[in-house]
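Next, two complexes with subunit A in common: one pairs it with subunit B, the other with subunit C.
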Partner chain A sequence: MTDTDTSLLDKAAEKAVRATPAPLAFRVRGLSDRAIAWLFITPTIVLLLAINIFPLIWAVHLSFTNFRANRPNAAIDGVGLSNYQRVLNDPDIWQAMQTTAHFVFWTILLQMLIGFTLAHLIDRKFRGHAFWTTVILIPMMLSPAVVGNFWRFLYQPQIGLFNYIYSFFTGVDPSSFEMLGSVALSPWAIIIVDTWMWTPYVMLICLAGLRSIPDYIYEAAEVDRASAWRQFWSITVPMALPFIMLAVLFRAIENFKMFDMVVLLTGGGPGSTTEVASITLKREAFESWRTGRASAFAIILFVAVFGLANIYVKALNRVKQR
Partner chain B sequence: MSTANSAHSVVEPSSTTKRIAGAIVILYAIVTMVPLAWIFLTSFKSPPDSISYPPKIVFQPTLEGYCNLFTTRTRQTPDYIQSLGAPTSTCDEITRNRNMVIAGPSNYWPRFQNSLIIAFGSTFLAVSLGTLAAYGFSRFKVPLADDLLFFILSTRMMPPIAVAIPIYLMYRQLGLSDTALGMILLYTAVNVSLAVWLLKGFIDEIPREYEEAAMIDGYTRLQAFRKVVLPQATTGIAATAIFCLIFAWNEYAFAVLLTSGSAQTAPPFIPTIIGEGGQDWPAVAAGTTIFLVPILVFTILLRKQLLRGITFGAVRK
Partner chain C sequence: MENTTPHKKRPFFLRRGPMENVATALIAIGFLMLFQPFALVLYTYSLVTLLAGTVMFIIVSKFPE
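Right after this comes the complex of A and B.
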């Protein structure tokens, strides 16, 4: 950057630069900062308005009508709040919400337990830990749909690897149980795949949490002769808590929206045992073609995620400030 | 796991502790790799081997899965097959051994190409738009900046199906249904939120003094952005691009609802691969293997930036 331009204009500009305080100085040449700021930000905002916000407003509008997307030429009548009433009174939808809650609860619990334990072990920095960490991370990068589809093969009774390995260790006949076909086991089948896939995610965030704890705190605790158990509960856990809570937040939002993996594993079956909210929504919108009612359900889901996430973020910030 | 034994300590963990920790982690890593290894092995099995009981670990490897993945076949009488000349390729030979002939290419390669076009197209757009917006948010006082940034992020919280309903109607009106352009725009919109958040973090880390020095040397703001900020942000831009690429590559919900034929990507296609009498698992495994390899490479390239990407830049290290 040793431009030695000697034109008059530049000299004048340089003088102006020296004379004016920093933020003002750069408006001298080229586009003003203000113009650049808007020039840079506007395309993104326009795109989001066109592809996210406009459709959302349209969905809100549709949710008050009896519109059916498979009959685009039929008259559209406003039906007021009746779509919302029907959704909130529909036992199938409450069943789907319960299924989703069960799925979210168990996946998060298992992923936290295994993920935190793994992070804690990796933090011991044994030889080759960097390599094995990368290996562990692989499942979470893969397509849930494509991998979920393959797990359907692993879960086949008799020929499937999962049943075979289970029977190898327990002696149970591998054709005596169906992970995907039985009402009792299918919720666990999807929980197992999700845990397999997303434990690395939780592990990675927990690891960052553990590594953020400065050594001197443990040194002080050592001096005070705090037991390892005590150190774990009064230093490690509270200090890693904001990270753990962040992992819970991200996993909860993602699993609340869960669609692809479950569709390919069970399609919501058997019956509607594993029908999570997104699958019900898809059925309403693209199979029953009750577009109005599906839109109402979509809005309710969005408000629920958004509201819960907001409350949670407030709690998270309070923990962080402590 | 006894946490008491493995609790953090200032003193380097003893070598026994390390060894036990290592053994458990490696065991876990191996167990999680089993399903992936099984996909890989199955892709080299013949259809009868793939569904044998007990599952075969040692088997005669064959390319039949890959042949079936890329071709469509029809059953023919042995006489007809005899009457054909010598097989022209390995696949030809494998197919004839099953009393079939290759009828033509399958849809896998076109679907894979769609995945490539849509993933790279949307990544390019999302990263370009994201870099500009991130620079804007990072360097200038934008009115309502926090609200705008939160708005950008909140678009990620909606269930994809909820977004898909109005998009489906809008695309039908605009003629964007089942087009690569429609999918590129949609994935760009989804990815741009991630891109803005991640890149803002990366650009925030570049000292403003660099640009200011350049501007004192006579650069305009735009020149300083191009010649000072962009080169400094290369790592961040590359990492962001890979994250966008992985999302678009893996996406299923929008793809299955909004594409059916000409713009269909690989994820909705792979589960539909069927052979005679049910799913052709070696072909599915072959399709899955080819589909997963790019992601494996990217994961290894990204490993240092992974944490940042998956938390929208909330955790930096």
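Right after this comes the complex of A and C.
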């Protein structure tokens, strides 16, 4: 830095000091480092408490009451554990939980398999790999509303491209099946869309894991005449495992809350075939207006995801320590 | 001089490792109970199991190794 620059900076600093109101300058000068640190993080903490923690505590409170959001002026009575008992004895909610588990299992399995395979291919750095990475990432960047409407057209039995491509390969008449209207096919229609949209995300995390493996490990394995298969199972998979697990955790948490895609594609139908937990929750809260019971249901889902995250973080730490 | 006094081992329920495993098992069982398609009674008791496991995990993860 030259002398001219230093003098310019000094002048700017002097100007700032002069512009600071005297009472504020006096107050700031008397603060310790710790106090200044608190001053900076307090707005974030206050915002976090107001947006995250308070609604959570409020939902816990509501889950023990008979509160209905459409009757805000009615007296609120405590009902003890009755909301929880009803939710945990309701066969329809139980069915919704099973549907959710089905979605989570298949979407994660498919996304992991395809995502990791794509990451492995992209990691080979072939000609034009940067372009293909961008192309693969496009579905992830789209809005779920756009993706939902776009796939509804693709699934149309008369004009939809999906049915035509399927019929091209199998010879089945395109208008003979309806992906969104069939009880057997509609869950798979949603699984396909979610996999199409979120596989790039999994690919990106797996790619980060693969890129973090140093080349010298593979070189050492080459020297030891390890086969490509052996290198994959003994080096690539164990070293990328924390990243794969992280991707599974993120996708599992997201898919337990899956709502937008199901609403846009099937609305929970036909019948209640694709009614996942979040849709049942929304119906309880905003169609039946049983806010207390819906809160109890939300808390049950929260406990399930929180418990799962605990196990996962523990497993992740173990893998990292290895 | 080397200390030859035998190191007193903490009881099982005060050690972090084994208790964390118990809590993890409880969470996993509760989670499976919540999403299984076989018996409604298992679904009914899933929250209690999950909650017990989660609270236990939070407490025992503060124990020394």
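The criterion applied here is as follows: the second predicted complex is superposed on the first by the 291 of 322 C-alpha atoms of A that agree within 3 Å, B and C clash if a C-alpha of one lies under 4 Å from a C-alpha of the other, contacts with A are read in each partner's own complex, and residues count from 1 in each chain.
One rule holds in what follows: a contact is a pair of C-beta atoms (placed from the backbone, for glycine too) under 8 Å apart; a residue touches a chain by one contact, two chains touch by 3 or more.
The shown structure was predicted, so the numbers you read here are calculated from the model rather than taken from an experiment.
K.L.:
In the superposed arrangement, which partner chain does A:195 touch: subunit B (first), subunit C (second), both, or neither?
P.N.:
After superposition on chain A, A:195 lies in contact with neither partner.
K.L.:
Which partner does A:266 contact after superposing on A: first (subunit B), second (subunit C), both, neither?
P.N.:
A:266: touches no partner chain.
K.L.:
Touching A:48 in the superposition: subunit B (first), subunit C (second), both, neither?
P.N.:
The answer is first: A:48 touches subunit B but not subunit C.
K.L.:
Using the superposition described at the top, determine whether subunit B or subunit C touches more residues of subunit A.
P.N.:
Counted on subunit A, the partner with more touching residues turns out to be B.
K.L.:
Per the contact definition in the header, classify A:83: touching subunit B only (first), subunit C only (second), both, or neither.
P.N.:
neither
K.L.:
Output check: A:107 vs subunit B and subunit C. Expected answer is one of first, second, both, neither. What do you get?
P.N.:
In the superposition, A:107 touches no partner, neither subunit B nor subunit C.
K.L.:
Of the partners subunit B and subunit C, which touch A:274 in the superposed model: first, second, both, neither?
P.N.:
In the superposition, A:274 touches no partner, neither subunit B nor subunit C.
K.L.:
With the two complexes superposed on chain A, say which partner A:304 touches: subunit B (first), subunit C (second), both, or neither.
P.N.:
Second partner only.
K.L.:
Given the touch rule stated above, what does A:65 touch, subunit B (first), subunit C (second), both, or neither?
P.N.:
In the superposition, A:65 touches no partner, neither subunit B nor subunit C.
K.L.:
Share the list of subunit A residues that count as touching for subunit B in one structure and for subunit C in the other.
P.N.:
Subunit A residues touching both partners: 306.
K.L.:
Hey, which residues of subunit C end up touching subunit A in the complex?
P.N.:
Residues 20, 24, 27-28, 30-31, 34-37, 40, 43-47, 50-51, 53-54, 57-58.
K.L.:
Which residues of subunit B touch subunit A once you look at their complex with the stated criterion?
P.N.:
1, 3-11, 13, 17-19, 21-22, 24-26, 28-29, 32-36, 38-39, 42, 51-55, 129-130, 132-133, 135-137, 139-142, 148, 151-152, 154-155, 157-170, 172, 185-186, 188-189, 192-193, 196, 212-223, 225, 246, 249-253, 256-257, 266-268, 270-271, 279, 281, 284-285, 288, 291-292, 295-296, 298-300, 303, 306-307, 310-311, 314-315, 317
K.L.:
Provide the residue numbers of subunit A that touch subunit C in the complex, in ascending order.
P.N.:
84, 88-89, 91, 94, 97-98, 100-101, 300, 303-304, 306-308, 310-311, 314
K.L.:
Please give the residue numbers of subunit A that touch subunit B in the complex, ascending.
P.N.:
1-3, 5, 10, 13-14, 17, 22, 25-26, 29-31, 33-34, 36-41, 43-45, 47-48, 50-56, 58-59, 62, 69, 72, 114, 117-118, 120-129, 132-147, 149-151, 153-154, 156, 158-161, 164-165, 174, 196, 199-201, 204-205, 208, 210-211, 213, 215, 218-219, 222, 227-229, 231-232, 235-236, 243, 246, 250, 253, 256-257, 259-260, 263-264, 277-278, 281-282, 285-286, 291, 294-295, 298-299, 301-302, 305-306, 309
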